[in-house]
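First chain A sits with chain B, and in the next complex the same chain sits with chain C.
Here is the complex of A and B:
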């Protein structure tokens, strides 16, 4: 009788439960809590959190190679590089490049923020991570989730879950991380600088931009082609005004569908044996470091540009060079409004913000060119 | 270490070069549109 009860018990998941799995459930529940109660990137943290729980269920085999449901999502969606470019298609359809085209000089702030990515790469390498791992960790500083996933899948797939979770967590914390750095690096006088009124951008310029930008970026960094070409295709849908159905599908239904698969797949990579390692603490530390340094280098580049410009730019805009769209642009606007309530920086900050997306993709392309 | 330094320098150079190319393209497009595309009569 007892042996039958025992064999029944052995056929359940309870017999195979480990403390590591229970700990990962706690991580999953925490992410779900942050998504629901704190509204921290809920569209991603909620499916990621649930994916973590699903991937750490004993005997369920949801991540079993070749068979598991989550493994299929992960393999065909992420390893086959389908989901991140589709997210970029939706992002392109949602992005208005007009603020950038109206003030093209601000595009350099998107490059300035990438200096932080490369400084972090160097720091992580110095602390013992391999070149591929260092690149995957450093790209977190670009504050671009799909690019982080795209690069990490190719260079250090064992770090995918940790890097993606760090990237999305810090993106949600942009309003907490960025303002102190921005205030520290700027004077009140600098924060009061008002931007010159933007010129009107013609519809033709908005149509030409995605085509020319694709050609130039892919010629320079061919490895960035999947991301940048889909970003610009989505933008062309938007600006052409003749494929409204494709435009709306890209930015709504398609984006929502792939976000579900992306979130669950990322969560599923966070098994106890992948996550409960000392390296992960360093990944989160370097991710934060990358974010902070990228913010600082963006602001410092804006100050450097002011040394040569006759019409000064507000250096706070440099912080929007990290590509957390539109969160960091909003943060710039709020910090600017603290100094002068009537200084509306949001539209100007959107320029470097979308330039940051382009800059991060180029940075990822350079890493891939050297390390893949 | 040598490869890390190379990637570091090439990365910063590559990002700024890419952004500079896009900047030039935006400026040229804006000038071309302004010069060659007929403006609509506001009336």
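Here is the complex of A and C:
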């Protein structure tokens, strides 16, 4: 009789529970809590959190290669590189590049903020991570979720869940991480600088931009093609004004659908054995370091540019060179408004902000070209 | 002398804090424009009385568009 009871018990998941799994449930629940109670990137952290729980259920086999449901989402969606480019299609449809076209000089700020990515790459490598792992960790500094996922899948898939979680966490923490650095590196007088009115960008320029940008960027960094070309296709949907249905589908329904699969798949890569490693602490630490350095170098580059410019730019704009769109632009606007409530920096900050997206994708493309 | 309140950026008017005939002081919040899901308060440029309001809540406005006139 006792042996029957015991074999019944053995057929349940309880017999196979490990402390690691229970710990991962706690991580999953924490992410869900942050999403619901704190509104930290809820569209992503909520499905990621639930995905973490799903992937850590004994005997359920949801991540079992070849047959598990989550494994299929992960394999066909992320390993096959379908989802991140589709997210970029939606981002392209959502993005107005006019602030960048109106003030092309600001593109340098989008490049300046990638310095953190490269510094972190060398720092992580110096501390014993492999070249591929270092690149995946460093790209977190761009604060761009889909690009981090795209690069990590190719270079260091075992770090995917941790790197993606770090990237999305820091995106949510942009309003907390960036302002102290921005205040520290600028004087009040600099924060008061008002931007010169930007010129109007014609509809033709907006249509030509995605086509020319695709050609130029993909010729320069072919490995960035999947992300850049989809970003620009989405943008062409938006600016052409003749395919409103495709435009709206890309930025709403399609984006929402792929976000569901992206979230649970990323969560599902966070099994106890993948996550409970000493490396993970370093990933979060280096990711934060990269993001802080990127913020700082963006601001410092803006100050450097001011040494040569006759019409000064507000150096706070440099912080928007990271690609957390539009969170960083909002932060710039808020920090600027602290100094002068009638200084409206939001739209100007969108210039470096969208340049930052392109910059991070190019940085990822350069890593791929070197390391793949 | 009349002065205009103009839109500092394009977006959607989500609240109006002024009324025609009411006095306003310089730097009082006059209305709020939402852009990129961010609320941007727009302030009165001078002391005076609101003579005319040219927009309503929910209107989309362009940068530099005249929103209200203060006398």
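To be clear about the criterion, the second predicted complex is superposed on the first by the 372 of 372 C-alpha atoms of A that agree within 3 Å, B and C clash if a C-alpha of one lies under 4 Å from a C-alpha of the other, contacts with A are read in each partner's own complex, and residues count from 1 in each chain.
One rule holds in what follows: a residue touches a chain if its C-beta (ideal position, glycine included) is under 8 Å from a C-beta of that chain, and two chains touch if they have at least 3 such contacts.
Quick caveat: nothing in here was measured; it's all calculated off a predicted structure.
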item: Chain B or chain C, by number of chain A residues touched; value: B
item: Partner chain in contact with A:333 - chain B first, chain C second, else both or neither; value: second
item: First, second, both or neither for A:347, with chain B first and chain C second; value: second
item: Chain B versus chain C as contact partner of A:88, first or second or both or neither; value: neither
item: Chain B versus chain C as contact partner of A:205, first or second or both or neither; value: first
item: Which superposed partner A:359 touches (first chain B, second chain C, both, neither); value: first
item: Chain B versus chain C as contact partner of A:110, first or second or both or neither; value: first
item: First, second, both or neither for A:371, with chain B first and chain C second; value: first
item: Interface residues of chain A shared between complexes with chain B and chain C; value: none
item: In the complex, chain C residues that touch chain A; value: 8-10, 27, 35-38, 40-41, 43, 63
item: Chain A residues within the chain C interface of the complex; value: 326, 329-330, 333, 341-342, 344, 346-347, 350
item: Footprint of chain A on chain B - complex, ascending; value: 1, 3-4, 6-8, 10-12, 14-23, 25-27, 29-30, 33, 37
item: For the chain A and chain B complex, residues of the former touching the latter; value: 100-101, 104-105, 107-108, 110-111, 114-115, 117-118, 121-122, 125, 131, 134-135, 202, 204-205, 208-209, 212-213, 216-217, 220-221, 355, 358-359, 362-363, 365-367, 370-371
